[in-house]
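Same chain, two partners: chain A is paired with chain B first, then with chain C.
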Partner chain A sequence: MAIMRINVGPIHPGTHGVLKLVVDVEGDTIKRVEPHIGFLHRGVEKLMETRMYMQNQSYTEKLDYIAPLSWDDLYVNSVEKALGVPVKEPAQYERVILLEFQRIASHLLWLGTFVNDVGQLFTVFMWCFRDRAKIMKLLEDVSGGRMFYVNLRLGGFNKNPPADFKERSYALCDYLEEKLMAYPDVLDSSSIFMERTKGIGVLSKDDAINYGVSGPVLRASGVEEDVRKSHPYYVYDKIKFKVPCTYNGDTYDRYEIRYEEMLESISIIRQALDAMPEGPTVGMPIRLIGPQAKPEHVIMQEELPRGEGIIYLVPDKQRPYRISLRSPAFINLSVLPKLSEGMKFADLFSIVGSLDVIFAEIDR
Partner chain B sequence: MNNDSDTTQSNEPPYTKEEFMNAEQEMALLTQQSLMQYQREYVPAMFSKMSDLAKLKLRDIVKWGRSNSLWPLQFGLACCAMELMDFGAARVDAERKGYLLFRGTPRQCDVMIVAGWVTKSIVPKVKRLYEQMSKPSYVIAYGECATSGGPWWESYNIVQGIDQVIPVDIYVAGCPPRPENLFSALMKLQSNIRDGIDRYETRSLSENLQGYESERV
Partner chain C sequence: MKASGFDYLKKITAIDYNDHIDVLYLVYNIKKREDAVIRATLKPDDLSVETVMRIYRAADWYERELSEMFGIKIKGRRVKRLLLELWNGADYPLRKSFVWGKDYNKVK
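What follows is the complex of A and B.
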C-alpha cells in the first residue's frame, strides 16, 4: 500500500499546544512521525541574562505554565546555591508543601485533558478542574497570584503564610484524597479508556534509559528513579515516601504513575505539615540582592511534575552570566517517533497526551 | 432703466451666500442619508424585497442572534490557554451564556481568542485561521502577550501584539487574566454587537461600502 504523508498541527486540539507532526501512514498504521517544534521560541535563556536575579522569576514561571511554581523554585534554589543564601527551615517545609500541591494540580490538569482527548469523558475533565480550582485557591491565598505566583525570595517567601494555612492544607488534603478515590472507578470501568490506553505506546526499560527520559515516563517503564530520593533537596530526606513504579511502559501505566504520585504527594504534604516548625518564612527583600557570587558555576536539579529539570547557572554580580535549562518535556518528546511506530493513527494523540509535553518549556 | 436693472440682476448670483452654504450642507446631508439608506439595506438578500421597517427589525434580529451565539475557536498558544480551559470548566460555567461551544475548525466559529504570545513562526498560521473564519468574525486579544508582547517585548522572535497582524475587537489585560475577565470581555463584545458599535458597523462610510460588498451575508 502506498505511503501517505499527513500534516497535523501546529494548531490542533489534540497536540496540547503548538506541535506540528508530519506523519507517514500506510493505511491506518503509522510508519514514521516527525515532530516539528519551535513555534513558541522566544529566546528565554538569553532574555534571562539581561535581568536581575529575582526578576527572572517571571520568566521561569512561564516555562511550565501548568506548574509555574516548580521551575520558579528550581531557579530560585540554584540562585540561592550560587549566592550562598541558606533557606529558613519553616520556609523549606512550606516550599515542599506548595510544590507538592502544585504537582497534584499539574497532574489533575493533565488527567482532565488526556481523558478528554482519549474518549471524550468530559465528566472527568470537569472533576479534575473542580479539584484543581481548590488547590489554585489555596495557592492564590498564600501567594497573591491566581496562576503565576512570584512569591519566592532568597531564603524564603515574600510573606508569611496566612494564619489558617495549616488547617486549610489539612482540609484540602482530606478533600483531595476523598475525591481522588472516585477517578479509577470511572476510568477503569470505561472500556473506551482502557482500550485506548492499554498496550498503546509501549516504551521498554532499555529504551527509556537510552533516550534519557525522566519523570513519570521513566518510572512507568520500570526504572525507580526520582530526584527527590536520589538527590534530596529541602526536607525531602526527612520525609518518608515511596516512588511509584510500574513495569509495562504503556500509556495506561503513565496514567497510573501520575495517579499514584498524586496520592503520594498528599502523604508528603501531611508529613510536612506535621513537621513544619513555627516561625517566619519571609526571605530577603529584592533590593538587597547583589553579593559577590562565589562558585564558578552551579548545577541544580529538581523533580518537576514532568521529570527531572536541571539549571546550569554561571553567576555574575547582579545577574546571571549564562543560564542553560534542561527541559524534561523536550527529552520526553524525543521518544514520540519510537513510541508511535507501528501504532494506529488514532492512537497518536493518546501517546502525545501521555507524554505530558508542554511547549513553552520545549521551545524556550 | 430696465436694461440697467437687467444687467445688475444678471451679474448677481440667483442666491445669497448663506443660501449657497445651506444648500451645500443640505446636499451633504442628502448624500449621507442616501448612503445611510444603503447601509441599512445590509440584510440577507432573501429579505431585500421587504419594507424598510421589516428590514430594520430583521437587522436587529440578526444582531440579536449573532450576539447570542458567539462560538469561540478552540485555539490556545501558551499560558492563557490554561485559563481558557478553566473558563470552560466547572468553576466558571461559561455555558450558561452560550459561549462554550469551542469548535475545532475555524469555519464554524465567530470569536477567535488569541491566548498566548505570538511568535513570528506562528503568525502565518494565526492569520490563516482568521481568514478561514466566516465573517463577521471577532478577535479577542487575551492577556499581555497577545496585546503587546508582554514580558517578551524585547525578544527577537515575538510579534509585539496580535493587532499588528489581524484586527482586534477587545483587549483583555492581565498576565494571565482571570477567566472572569474573559467572561466580561465576551459580554462587552456581545453588547457591542447588539448596539451596532462593533468593528463591522463603525468603520468609515467608504470602507463600509467596500466591506459590505465583500462581506455580504
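What follows is the complex of A and C.
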C-alpha cells in the first residue's frame, strides 16, 4: 500500500499547543512521525541573561502555565543557592504544601483534557476542573494571583499565609481525597477509555532510560526515579511517601502513575501540615545586589509535575551570566516517534496526550 | 561512561565564555543515584564535538539545539531540518556576541 503523508497542526485541538506533526501512514498504521517544534520559541534563556534576578521570576512562571509555581520555585531555589540564602523552616513546609497542591492541580488538568482526547464523555473533564478550581482558590488566597503567583521571595514568601491556611488545607485534602476516589470507577469501567489506553504507546524500561524521559513517563516504564527521593530539597527527606511505579509503560500506566501521585501528594500535604512549625514565612525581596558568595555555577533540580527540571545557573553580579533550563516536556516529546511507530493513526493523540506536553516550556 | 553505570543523560548544554565555549554533559547513574558533569572546552577555531547519540539516544534533540543556538558542529550527524521552526539557522543567539535587542531583527 502506498505511504501517505499527513500534516497535523500546528494549530490542532489534539496537540495541546503549537505542535506540528508530519505523519507517514500506510493505510491506518503509522510508519513514521516527525514532530516539528519551535513555533513558540521566544529565547527565554537569552532573555533571562539580560534581566535582573527579580525580573526573571515572571519569565520562569510562564514556562509552564499549568503549574507556574513549580518552575518559579525551581528558579528561586537556585537563586537562593547562588546567593547562599537559607529558607526559613515554616516557609520550607509551606512551599512543600503549595508545590504538592500545584502538582495535583496540574495532574487534574491533564487528566481532564486527556480523557477528553481519548473520547470519554465530558463528565470527568468537568469533575477535574471543579476540583482544580478549589485548589486554585486556595493558591489565590495564599499568593494573591489566580494564574501566576510570583509570591516566592528569597528565604520565604511575599506575605504570611492567611490565618485559616491550615484548616482550609486540611479540609481541601479531605475533599480531594473523597472526590478522587470516584475517578477510577468511571474510567476503568469505561470500555472506550480502556481500549484506547491499554497497550498503546508502549515504552520499555531500557528505551525509557536511553531516551532520557523523566517524570511519570519514566516511572510508568518501571524506573523508580524521583528527584524528591534521590536529591531531596526542602523537607522532603523528613516526609514519608512512596514513588508510584508501574511496569507496562503504556498510556494507561502513565495515567495510573499520575493518579497515584495525586494521592501521594495529599498524604505529603497532610504530613507537612502536621509538622509545620508556627512562625513568619516572609522572605526578603530578590534585591538588585550581587551574590555575597559567588559560586562558579549552581545546579538545582526539582521534581516538577512533568518530570525532572534542572536549572544550570552561572551567576554574575546582578543577572545570570548563563541560565540553562532542562525542560522535562521537551525530552518527553522527543520520544514520540518511538512510541507511535506501528500504532494506529487514531491512537496518536492518545499518546501525545499521555506525554503531558506543554509548549511554552518545550520551545522556551 | 555508560559502561561505568552512568546510563541516563539528563541534559547537554553550553556556556559561552567569549574566548572559549564549554559544552556540559549532565549524566546520571540511576541505580546509585549519582550525578556527574562532563565538561568539554572548545577553542573558537574548532567548535565541534563528536555526537553521543549512539551512546545516549536522549542526545538527539539536545545536540540539534546546541548546533542551532551555539553554532557548534556535531560530528557524525547529518540533520536535514532545524529543530526549532521559523529560525533562520545562520545566527547563534545564545552566544555572547549576539546582542539582545540589537540583533533580534535578524530573526525571520
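Side notes on the structure shown:
Basically, the second predicted complex is superposed on the first by the 355 of 364 C-alpha atoms of A that agree within 3 Å, B and C clash if a C-alpha of one lies under 4 Å from a C-alpha of the other, contacts with A are read in each partner's own complex, and residues count from 1 in each chain.
The definition used in the following text is that a residue touches a chain if its C-beta (ideal position, glycine included) is under 8 Å from a C-beta of that chain, and two chains touch if they have at least 3 such contacts.
No experiment lies behind these values; they were computed from the predicted model shown.
When both complexes are overlaid on chain A, the residue A:41 reaches chain B and chain C alike.
In the superposed model, A:50 makes contact with both chain B and chain C. Look at A:125: by the touch rule set out above, it reaches chain B but stays clear of chain C. Residue contacts after overlaying the shared chain place A:59 against chain B, while chain C stays out of touching range.
Within the superposed three-chain model, A:209 lies in touch with chain C and out of touch with chain B [touch as defined at top]. Of the two partner chains, neither chain B nor chain C is touched by A:345.
With both structures placed on the common chain, the touch criterion links A:330 to chain C but leaves chain B unconnected.
Within the superposed three-chain model, A:170 lies out of touch with both chain B and chain C [touch as defined at top].
In the superposed model, A:314 makes contact with chain C only, not with chain B. The interface of chain A with chain B overlaps its interface with chain C at residues 38-39, 41, 43, 47, 50. Interface residues of chain B, counted against chain A in their complex, comprise 74-79, 81-83, 85-86, 89-91, 104, 116-117, 119, 121-122, 125-126, 129, 151-152, 154-158, 175-176, 178.
Within the complex formed with chain A, the residues of chain C that make contact are 7-11, 13, 15-16, 24, 26, 30, 33, 35, 37, 56-58, 60-61, 81-87, 93-94, 98, 100-101.
By the touch criterion given at the top, residues 20, 36-39, 41, 43, 45-47, 49-50, 207, 209-212, 223, 225, 230-231, 299, 308, 310, 312, 314, 321-322, 324, 326, 330-331, 334, 363 of chain A touch chain C in their complex.
Residues 10-13, 17-18, 38-43, 47, 50, 58-59, 62, 65-66, 109, 112-113, 125-127, 129-130, 133, 146-148, 359-360 of chain A are the ones touching chain B in the complex.
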